[in-house]
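What follows is a set of structures to go through.
Here chain A shows up in two complexes: once beside chain B, once beside chain C.
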Partner chain A sequence: MAAPYPRQRSNTWYLANWPYRLFMLRELSAVFLALYTVLLLLLVTKVHAGPAAFAGYVHTLQSPLLIAVHVVVMAFALLHSVTWFQAVPKGLPIRRGEEPVPPQLVIGANYVLLLAVTVIVVVIVRV
Partner chain B sequence: MTNIPTAEQTVTLEIARYRPGVDQRPTLQRYDVPYREEWVVLDALNYLKDRVDGSLSYRWSCRMGICGSCGMMVNGTAKLTCAAFLRDYLPGPIRIEPLSNFPVERDLVIVLDDFMEKLTAIKPWIIRDAEQPIEQGEYRQTPAQLADFKQYSMCINCMLCYAACPVYQHEEQFLGPAVLALAQRYNHDSRDQGNADRYELIWSDEGIWDCTFVGECSTVCPKHVDPAGAIQQAKVESTIGWFRSFIAPFGRR
Partner chain C sequence: MRRSSEPLFWSLFSAGGMLTALLMPALILVTGFLAPAEWVEYERLEALVTNPLGRLVIFAVAFLTFFHWAHRFRHVLVEMGLRRFGLPIAVVCYVAALAGSAWAGVVALG
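Up next, the complex of A and B:
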């Protein structure tokens, strides 16, 4: 019998449609978050080195290039958070008896939690 | 079907044709079919096979979203062609191709051996340590216990999720969305005691941990099985099982 046509692989599959593109951006967001962690760790070492080093670093951060980097990182951090919260009810579905708790409620609870933690952090920083 | 009048609206289909042993690769062939508001893509294919080109090959059976055999790529998206209305793809042309990520047997017919082997590998049936004696009656289940797996039992093995899964496209050994959702269907069944027989395969790299959670399997699923959710839940269970193996190395999974 003649052979079937073999299964095909595409190296550009992620360009095929928007869900795939969004998936790749979501995965890529980890790289930008890692980059931001490096900036943050540098900040900690500068704090340790003293007020002059800290002031110098803050000045460096105000360069247009690094501000642009922060804007891009912020966009990816938001994408990361939104997609992560969207995923929560998929991985941890909650049921009350036979009825599933609406996913939107689970996602909403995560945003409320994020807001609460943010408020606590802001309060601690201010005090 | 009534007689088709000649002068009327038509819609163009571009259908992938592949004759094994003759064609090097699939080619698109254009056909015009009469447009009917109530026609689905499968109706158009049946019209073509009956009246225009009897050599056109494709699978179908129930034409009502139960048998799971008429899955194809419609304009690049995995669809049951019995549920893809022509009216949703106007003005056309509508591109009909065999399901992605599978070898093509002929025209729109795919080779599904790989799926069938993986399906049996996870033992999709109720496994008991020992059958309960008949006198004790049936295995009873509360509505809440039923709700724990009912969604996964809706799978019709149509393989649309495999066609939508880029992981399966690149990692042929990946068990895939439907098989892993069916594994959950049996593992979560209160009557089943078979997780000990299944977990090694399900919790392996070819199983759930190959999944990167693209999520398109759940989007294309015509029965709302949500394989992506099933796999993420199995990942949570697998992680708990991994920790438990330290606390109780000889305990039951």
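Up next, the complex of A and C:
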């Protein structure tokens, strides 16, 4: 009996070219979203603990390290949003009557929703 | 063939992916940039985290983000060549997401 066909893929295949690297960065966005969620829950804990605890945490958030962390997290979050919106019409094809709704319209609607959600959140915390 | 738990975890992955795609940039903007700029008012945040709907949203965001992470990270490790350890990786990822969600529940109830 012939030996099983050996797998040819290397363990670093995702470093080979940009489409692969982008795929891997997209998949790893979830790691940064989860790490950010830990920071978010810490903030909620501090808000529950009172104004002094919150002020202390705001001081921590002002450190250059945490600003840099949030810049990286934001970049991955936006990569996630953009790639997720691109995938929405593929995962959930919408029809209006017999006519399929064009993918660009569905993607565009997601961006409008993202903008609306962002404005609402900012209004809730300040305005 | 044994029944698969894949549809359940895929649903959580999908729901988490949609929610984070729409909400995370706003949350990061507020807590990562506007809060350190001292632009966010404590009273507003306090009202938000003690409001029943606010508590539910905080828990839902954390729960779905953690399970979105678990599913995606599990599959990415397998793609990176760890197929042999597929089962323990899945268990560790989902248990971590469950532990994170339990913590989120405690935090949200405050």
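As a working rule, the second predicted complex is superposed on the first by the 112 of 127 C-alpha atoms of A that agree within 3 Å, B and C clash if a C-alpha of one lies under 4 Å from a C-alpha of the other, contacts with A are read in each partner's own complex, and residues count from 1 in each chain.
Just so we're on the same page, a contact is a pair of C-beta atoms (placed from the backbone, for glycine too) under 8 Å apart; a residue touches a chain by one contact, two chains touch by 3 or more.
If you're wondering where the values come from, they're calculated on a predicted model, not measured in any experiment.
Enquirer: On the A-aligned overlay, A:Val101 touches which partner chain: chain B = first, chain C = second, or both, or neither?
Expert: Neither chain B nor chain C is touched by A:Val101.
Enquirer: Looking at A:Ala68 after the superposition, I want to know if it touches chain B, chain C, both of them or none. Which is it: first, second, both, neither?
Expert: The answer is neither, since A:Ala68 touches no partner chain.
Enquirer: So, does A:Leu15 touch the first partner chain B, the second partner chain C, both, or neither?
Expert: It touches nothing on chain B or chain C.
Enquirer: In the superposed arrangement, which partner chain does A:Pro93 touch: chain B (first), chain C (second), both, or neither?
Expert: Once the two structures are laid over each other on A, A:Pro93 reaches chain B alone.
Enquirer: In the superposed arrangement, which partner chain does A:Leu114 touch: chain B (first), chain C (second), both, or neither?
Expert: A:Leu114: touches chain C, not chain B.
Enquirer: Of the two partner chains, chain B (first) and chain C (second), which one does A:Glu27 touch, if any: first, second, both, or neither?
Expert: Touch partners of A:Glu27: chain B and chain C.
Enquirer: Figure out whether A:Ala53 sits in contact with chain B (first) or chain C (second), or with both, or with neither.
Expert: neither
Enquirer: Contact-wise, after the overlay, does A:Arg126 reach chain B, chain C, both or neither (first, second, both, neither)?
Expert: Touch partner of A:Arg126: chain C, not chain B.
Enquirer: Hey, is it chain B or chain C that touches more of chain A?
Expert: Greater contact footprint in residues on chain A: C.
Enquirer: Once the two structures are superposed, pull the chain A residues common to the chain B and chain C interfaces.
Expert: Residues 9, 14, 27, 91 of chain A touch both chain B and chain C.
Enquirer: Touching residues of chain C toward chain A in the complex: what are they?
Expert: 14, 17-18, 20-36, 38-42, 44-46, 48-50, 58, 61-62, 65-66, 68-69, 72-73, 75-76, 79-81, 100, 103-104, 107-108, 110
Enquirer: So in the complex, which bits of chain A are touching chain B?
Expert: Listed in rising order, the residues of chain A that touch chain B are 1-10, 13-14, 16-17, 19-20, 23, 27, 87, 89-93, 95, 97-100.
Enquirer: So in the complex, which bits of chain A are touching chain C?
Expert: 9, 11, 14, 24, 27-28, 30-31, 33-34, 36-41, 43-45, 47-48, 51, 54-55, 58, 61-62, 66-67, 69-71, 73-74, 77-78, 80-81, 84-85, 88, 91, 110, 113-114, 117-118, 120-122, 124-126
Enquirer: Enumerate the contact residues on chain B facing chain A in the complex.
Expert: 18, 20-23, 25-26, 76-77, 100-106, 111, 143-144, 146-148, 166, 169-170, 172, 212-216, 219, 226, 228-229, 232-233, 235-236
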